[in-house]
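Below is one structure, written out as C-alpha cells; comments come after it.
Order as written gives the chain letters A, B, C and D; numbering starts at 1 within each chain.
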Amino acid sequence: MEQGIITAIRVVPLEHYLVLSFLLFSIGVAGVVFRRNTIIILMCLELMFNSVNLLLTAFSAYHSDPRAQVFVFFIMLVAAAEVTVGLAILVMMKRNVDSVDVNQLNRLKG
Amino acid sequence: MSALVLISVLGVVLLYLGLFGNRGLLAPVGIVGLLAAFVFFAADWQLENALFAGLVQFDTYARSFSMVLIVVTVLLFLFGIDYYAKVRENVAEQYALMLFSLIGGLLITSFSNLIVLFLGIEILSIPLYILAGGKRDSFRSGEAAFKYFVQGSFASGFLLLGLALLYGSTASFDLPAIEAHAASIGTGTDMLFLLGLFFTIAGVAFKVAAVPFHFWSPDVYEGAPTLVTAFMSTVVKTAAFAAFYRFIGHMQLPEAVHTMLILMTVCTLFLGNIVALRQTQFKRLMAYSSIAHTGFLLLAFLGFDARTPDVLFYYLGTYALATVGLFIVLTLAKRAAKGDEHIHIFRGLFRSNPWLAIVTMLLLLSLAGIPLTAGFVAKYRVFVLSLANGYLLTTAFAVVMALVGIYYYVIVIREAFTPGERGLQLVVAPLNWLVISLCGIAVVALGVMPGLLRM
Amino acid sequence: MIVALLLLIPFITALALMFLRPTQQAKNVALISTLASLGVVLFAWSAYTGGTVIHYNMDWVPAWGLRFVMGYDGVGLLMLILTAVVFPFIIAAGYGEKLQHPSLVNALLLFTQTFLFGVFLAQNTLLFYIFYELSLIPVFFFLLYWGGEHRRAITVKFFIYTLLGGLSLLFGIIYCLGQGAGFNGDFATIGALNFPLSTQIWLFWVLFLAFAIKLPIFPFHSWQPDTYAMAPLQGTMVLGAVMLKMGLYGIIKIVLPIVPQGVIHWQETVIVLALIGAIYGGIIAFRQSDLKRLIAFSSLSHVGLLCAGLFAWNSYGVSGSLYQAFAHALLVVCMLYISGAMKERVGSSEMGAMGGLKLRTPRLAALFLLVLVNAVALPLTQSFVGEWLMFAGLWQVNGWLAFAAVSTIVLGAIYMLFAYQRVMLGPDKWALEMTDATTRDHLVLVPLIAVTLFLGVYPGPILDLVDVPVQQLLSSLSLN
Amino acid sequence: MRTDLLAILVPVLPLVGAIILASLRRKLSANVAGGLATALIASSFVASVVLFMGFDASTGGRTVHMLDWINVGGMNIPLALRIDALSLTMMLIVTGIGSLIHLYSIGYMHEDERAPTFFAQLNLFSFAMLMLVMGSNFLITFIGWEGVGLCSYLLIGFWYKTPEYNYAARKAFVMNRIGDVGMVLGMVLLFQRFGTLEYVSIMDMATGGMNDPLMIAATLFLFIGATGKSAQLPLFTWLPDAMAGPTPVSALIHAATMVTAGIFLIVRSSVLFELAPFTKDIILWVGTATALIAASVGLFQNDIKKVLAYSTVSQLGYMFVALGMGAYSAAMFHVTTHAFFKALLFLGAGSVIHALGGEQDIRKMGGLKGRVSLTLTPPSIRMDGPVKITYITFFIGTIAISGLPLMSSFFSKDLIMAYGFQHSPVLFGLLLFGALLTTFYMFRLLFLVFYGTYRGKAHPHESPLTMTIPLMVLAVLSVVGGLLNLPHLFGGHEPMKHFLETAADAIRYEHLGLSATTEWILMGITTVLVFATIAMAYGRFAKRATLEGAEADMPFFKRLIAQRWRLDEFYAALFERPYGWISTHLFTTVERHVMVPVMNGVGAAALAMGGVVRKLQTGNTSFHLLAMLCGMIVFLLITLMSN
C-alpha cells in the first residue's frame, strides 16, 4: 500500500473517522427504521455497509495493515449480492402488493 | 477442504441437472454427494487442518458440527424427494441453494478469522432469503422473504460494525489474537472492544433468533415453505450456534457482556415460551418453541466450561432430529388438511395413523424434555452446566419456563390423542416413513444411551 | 435378576399387547403378567434378609453423572410388594369396565407398573426421577383417552401440575449433584451432602414440592378430586393406590436424607398443612354425592394423616405411616372397586341414584361393610395399626397435633357410615333389578379384605420389614 | 396349659359362631342359627365358670399371651388376655346374661327372616365384649371397645329399611367415636408416660404425685371415652335412640353389658384415677347430673323401652357417682345387679311388646295382669291375665330396681348412697331424690302397662318358653343378687369386694366409715320414702283408663323435661346442622372458588401474559426493525452501565 495515501489518511485523526462513520451508520439505521419506501431502505442498508467500509479503511490505515482493506472488498461484494437479492425480492413484492411500502406486507403476525 | 469443494461443486452439478431437466436425479445425487462429504469429514477425524491460510480451522469441534449439519441436510433431502414431487420448476435451484447455504454453515462452524465469520454468515443467509421466497406465487412466502431480507441485512450491518470495531481495537481479525486481546484487557475497559463485541454478538444473536433479535423468526418460519423452515430451524440454527460459541467460547468476556447475555437468556426464555402458549398455527408454534430452545442454549452458554461445546452439540443435534421429524409430519398433515396449519389438523391422528401419532408424540416429548427422550438429557445437561456455574436463579427461571414449554407441546399431543375423533388420513411415502422413524428412534435411543452422540 | 424380571415382565408384556392387540385375551395376558411379577416380588421378599440389596451398580454416562443403580431395601421392598399386590386386582377390576381397545388399556397399565417398579428399585436420585416422571406418561394417556367428562382439560392440568413438582425436584437433584462432596447421585452416598441450614431451608421446599403435589397434601391438592372423579376406574386405582405412595417413598428416600435440618425446620409446618388437609378432606367428603369424589376426598384425608405421621419423623410415626400406606393402597382399591361395582349396577356413581341396595345385593353390602370397617380403622384391621402408630408418633411431636390427627377418626366414621347408609340402607327406593356380587367381585374383594384383616391381626411381617430401615434412617440422620 | 386354652376359648367360641353364622346366614333356619349361637355363648359361659372355679384369687391373676400384635421400634403390644377377679366377674356377667338373652332371642326373633344375621352379630358382640373385659392391655380392651361399638351400630340398625333406625345407629357410632378420641389420646398419653399399655405394669408403675397434670389428663381422656360408651353427659343422647334395635339387643348391649364398659375401664385403671382426685370429682358430678337428668326425663316417656333406656342412663350415673367417690367395688356391685334387673325389665318389656304384636306405646297398654285372686285353701295365687309370667317377672324387676328391701338393688344402690352420705349429705340427698324418681317412673310404667284397663287393640298372648325361662332366671337373680356382696350389716362380709380387691388394688382403700346406726337410719329413710312414692304412683296411674294429654298443654318446665331437656334439638342445632353446612360450603366455596381457581389462575395468568406479549409481533416490518433497534439500545445501555 502506498505510503502517501496512508499519510494522507493519517492527516485526519482517527476519532474523526470514527465519528463520521458512526454518523453515516446512524443515518443508515435511521433510514432503514423510519423510511417506508423499500428502495430507500435498500439504499440506507448500503449506507450502513459503506460507513463500516470507511471505518475499516481508516483502521487499516492506522494499523497499517492491509487485511482490513481486503475485507472491504469482500464487503462490497457481499453488499452487491445482497442488493441483487433485495431487488429481486422487491420485484416480487411489487408484483404481489403493487407497492413498495414496507408495511404493506403484514399478514404474518402474532 | 475437499468436503467444502465437493459440496460447492455438488451445488453447481445440481443446477446443471436441473437445467437438463432430469429432476429424478437431483435428490439422489445430492444425497450421495453429501454422504461423500460426510465420509471426507469422518476420514480425517483427528487431525487439525487449517484451511485458506488459517482462516478456517477444522478441529474436532468444527468437524462434529459439520457432520451433524450434513446429516440433517441429507434427511431434509430425503424428505425433499416427496416434498418437491408435485413442484414443476426451480427444484434444482432449491436444492442447490440449500447446499450453498450449507457451505456457509460449514464455514462459520470452522472459522478462525472474523472475515470468514462474516462471509460465512452471508453465504448462509443470502440463499435463505431466496429460499424463503421459494413459493413464488405465495404471498406469505414473499412476505417472509422480504422480512427476512430486510431484517437480515440490517443485522449484518451491525455485525459488520462490530467486526470493524473489534478490528479497530485489536488490529486483527484472527480469533486467537482477539482472544489474547480480551485476556489482556482483563478487568480494565476498552470501549471500542466492548462495543465491537456487543455489536458482533448482536449480529450473531440475530441468526439464532435471540430476543430482541427474534422478530424475523416467527414470520419467516410461518411464511417460508415448510422444507425451508425445517432447514432454517435445524441447519441454520445449529450452524449459527456453533459460530456463536466458537466466537465467544474461548474469550474472556467482560462482565458487562456477561450481564447482557444473562439478560438476553432470560428474555429469550420468557418470550419464546410465554408467547408460544398462545400459538395455534403449528409452524408459528415451532418458531416460538425454537426461540425458547435458543433460550436454553444461551443458558448453556452462560456457564463457559469444558463441557459447554459438548452440551451444545448434543442439544442442537437432538433438537434438529426432533424438529425435522415434526416438520415432515406437519407437511403430511397440512397436505391432508388442504393447506391448513392449525394444530387441529392433528386431531384424532391416533385413530387414523396410530404409529405416526406415537412417533409424533415421541418427538414432541423430546422437545418438551420428558425423560428417556434425548430432549430430557439435553435439558438436564444444560441445567447441570448452568447450576454448576452458579446461575441459580436463572436456572430456576429456566426450569419454570421448561414447564410452560411442556404445556404447549402437550397440547399438540392432546390433539393427536383426542379420543373418539377419527382424524385426517395421512398418506406417508416410504421415504418419509424412513426419515420420521429414523428421527423417532434416534430421539429415544439417544435418550436411553446419551453417550452415543458426543463430539 | 429379580430387578431385571420386575422391569421386563410387565414391559415386554405391554409391548406385546401394543403390537399384537389381542383384544379378547388382553385382560388375561395382563393379569398373568401381573401375577408373575407378584410371584417374583414375593420370592424377593422370602429371600430378603435385611440391608440394602443392590443388583446393578454401573455407570450409565459417567461423564454426565448418569448412573444406573438398582436394588431395594426394606422400605423399597414394601413398596414393591404393595405395587405387585395391588396391580393384579387393578387389572381384574378391568373385567367389569367396558373400555374400548382393552389391549391398549392393559398395555398402558403395565407400562405404569414397569415404571413404578423402576421408581421403587432405583437407588440413584436421578434414576428415581426419571422413572418418577415416566410413570406419569402412560397414566396421562390413559386418562386422556378413557377418562370421563372434561378429560382433556383436567388431564393436562393434572399433568402439568404434577410436572411442576417434578421439575422442581429435578432442579433440586441437579443442584445437589453440582455440589460434589462425594455425592454421585446414589442413595448410598446421599449422606455425604451436608448443606448448611440456610440452604436446607429453601432446598427442602424445592425437593418436597414434587411429593407434596403427588401425595397431595393440603394446599397442593386441588388437581386431585377432579382427576379422581374423571379418571377411569383403573386409572383412579393406580393414582390413589400406588402413585401417591411414590410421594411417600420419595420423601423418605430423598427429602429426609438430603435436608434433615430443613425437615426439622419445616416439620411442624408440614404436619399442620397435612392435618389441615386430613380434616378438610374428611369434612368435605361427608356431603359429597358422587361416590368416587367422596373416595377422592377421603383419600385426601387419609393421605394427610400419612404425611403427618411421616413427618413426625420418629420410629412410630414413620413405620406407622409406611404401614398405613400399604393399608391405604388396598383400601383404595377396595373402595374404588365397590364404587365401580355399584356403577355397573346402577349406571352412575351418584349416591342419589342408590339407596336400599342391601335388599338387592346383600352380599355386596356385606363386603362393603367389611371394607368400611377397614376404612374407619377399627382395631384388628390393617388401618388401625398404622393409625395407632402414627398417633403415638405424632404425640411425641406435639399433643395438639396428635389431637387433631385423632379427631379424624370421627370424621372418617361420619362420612363412611353416611355413604354406606346412602348406598345400601334405607327403603329400596328405585326397585332396580340387579345381580348380587358376582364371582369376580368376590375374587377381587375377598382376598383384599382377607389381607387387610390378617395384617390387622398379625402385622408382624410388614412391620419387621420397615422397622430396621426406619431405625437406621433415623439414627443416621440424627447424627448429622 | 388347660386354663389358658379355656381362657382363649371364651372369646373365640362366639367369634367362631359369628363367622359360621355370617357365612351360612342364608342356609340356616332361624331356630338352628339361634340354637347354635346360644350353644356357643353358653359353652363359653361354662368355660368362664370353670375358670372361675379354678381361679385362685390370692395369685392376683394370670396373663395369657396369644401372639405379638404390634411390635415395632420399641413398642411391643401383644394380643394377650388377663384372667383375674375383675375380668372373671365381667366374663360371668357377659356370658351368663348373654346366654340367657341369646336363648330369649330364639323366641323373639323366630319370625324375622334375617334371624341368622342377627345371631351372628349377637355372637360377634359377645366376642368383642369379652375381648373388652379380658384384654390384658388398653389396646386389646380398645379392640373390644370398638368391636362392641360396631356391633351396637349393626344391631341398632338391624331393621335397616327404616331411615330413622339407620340414623339412630349412626348417631350411636359417631357419639361413641367422639368418646374414642379421648380413649385413644388417653392410651397414647399413657404409652408415652409408661412405655407400655399392659394394665399390670402400668398399675405397678403408677405411683407418686397426686394430681400430676399428666395423670389428670390421661384419666380425663379415659373418662371421656367412658362417657361415650356408658352414655353419660354430654354424650348420652344416643342411648335412648338406640332402642330402635330389637329388644334383646337393648337388653344385652344397651343395658347389661356394653354400656358398663366405661365403668369397667375406670375400675380397671382405678389406680390411675386414685392418683387424680380432680378427675374423680368431675366423674362424681357428671354422674350425679346424668343420674338426675335422665331420671327426670324418664318420668314422661310413653315408649316402654325409652323409659327403661333413661332409667339405664340414670343407673349408670349412679355407678359413676360410686366411681367418683372411689367406691369401685360398689360400682361393680351395682353393675352386676343392674345387669340382672335391667336385663330382666328389658326382656319383660320385650315380652310385652311381643305379646302386643310390636306395640311399644304404654298409652295403648294397661290391664295386662288381669285379675289376681288370692285363695287360702289351698293357698295359691290365681291369675287370669294373658301374660302371667311376664307380669310377675316384670313386677319383680320393678321392685328390684326401686330398691325395695332385700332386693338386689336395695343393697347395691344403698351402698352407693351410703358412700354418698359419707361424701356429703347433699350428695346423698340428690341421690335419694334420683332413687325416688326411679321408683316413681318405674311404678308408673308398671301400673300403666299391667294395671287399669286395656287400652290397646291387639290380642295379648304369653310368649314361648324360650322367652319366659330367661325371665324367670333373671327374676330370681334380681331378687338374690344382693347376696353377692352382702354387707356386714346383714351378716355378710362383702364377698364381691374382697374378690375384686385381688384385681384392683384401689378397692382395698375404699372404706365405708359410717356407723351401723347411721346406715340403719339412712336405709329407713330411703325405704319409707320409696314406699310413699309407690303409693303416690299407684294413686295416679293404677286406675287410669286414659292418660294426661299431649306435651303441648303442659307447663313449660314440665314440657321441657318431657322433651328430654331438648338436648337432641340442642345438639342438632349446635353440631349436626353446622357440620353439614360447613361440609357443603367448604366444598362449594373454599374448594370450588378458592383452591381450584387459584390453581387455574396461575395457568390463566401465563396465557394472558402470552396474549399481551405476542402483541409485540405486529408483523409490521418497520416496527420490527424499530423494536429490534430499541432492544439493542436498551441492551447496549445496560452493558455500558454495568461496565
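Quick notes
Just so it is clear, a residue touches a chain if its C-beta (ideal position, glycine included) is under 8 Å from a C-beta of that chain, and two chains touch if they have at least 3 such contacts.
Being a predicted model, the structure only gives us computed values, none of them experimental.
Across the assembly, the mean Cα position most removed from that of subunit C is the one of A.
The pair with more inter-chain C-beta contacts, choosing from B-C and A-B, is A-B.
If each chain is reduced to the centroid of its CA atoms, subunit A and subunit C end up 67 Å from each other.
Centre-to-centre separation of subunit B and subunit C, using mean CA positions: 43 Å.
Our note on geometry: subunit A versus subunit B, Cα centroid distance of 27 Å, whole angstroms.
Averaged Cα coordinates give subunit C a centre that lies 38 Å from the centre of subunit D. Touching of two or more other chains is recorded for residues 160 of subunit C.
Residue positions 603, 614, 617, 619, 621, 625 of subunit D each touch two or more of the other chains. Touching of two or more other chains is recorded for residues 29, 32, 102, 105-110 of subunit A.
Each chain pair that touches appears in this list: A-B, A-D, B-C, B-D, C-D.
Only residues 603, 606-607, 609-611, 613-614, 616-617, 619, 621, 624-625, 627-628, 630-632, 634-636, 638-640, 642-643 of subunit D touch subunit B when the two sit together in their complex. The touching residues of subunit C, counted against subunit D in their complex, run 157, 160-161, 219, 221-223, 225-226, 280, 283-288, 314-316, 319, 356, 358-359, 366, 373, 378-380, 385, 388-389, 391-392, 395-396, 399, 402-403, 406-407, 409-410, 413-414, 417-418, 421, 424-428, 457-460, 463-464, 466-467, 470-471.
Interface residues of subunit D, counted against subunit C in their complex, comprise 22, 67-75, 79, 139, 142-143, 146-147, 150, 153, 157, 160-163, 166, 169-170, 173-174, 177-178, 180-181, 184-185, 188-189, 191-192, 579-580, 582-584, 586-587, 590-591, 595-596, 598-600, 603. Of all residues in subunit C, only 60-61, 63-66, 126, 129-131, 133-134, 137, 141, 144-146, 151-152, 155-156, 159-160, 163-164, 167-168, 170-171, 174-175, 177-178 touch subunit B in the complex they form.
The residues of subunit B lying in touch with subunit A in their complex are 115, 118-119, 122, 126, 129-130, 133, 136, 139-140, 142-147, 149-150, 153-154, 156-157, 160-161, 163-165, 167-168, 171-173, 218-219, 222-223, 278-279, 284.
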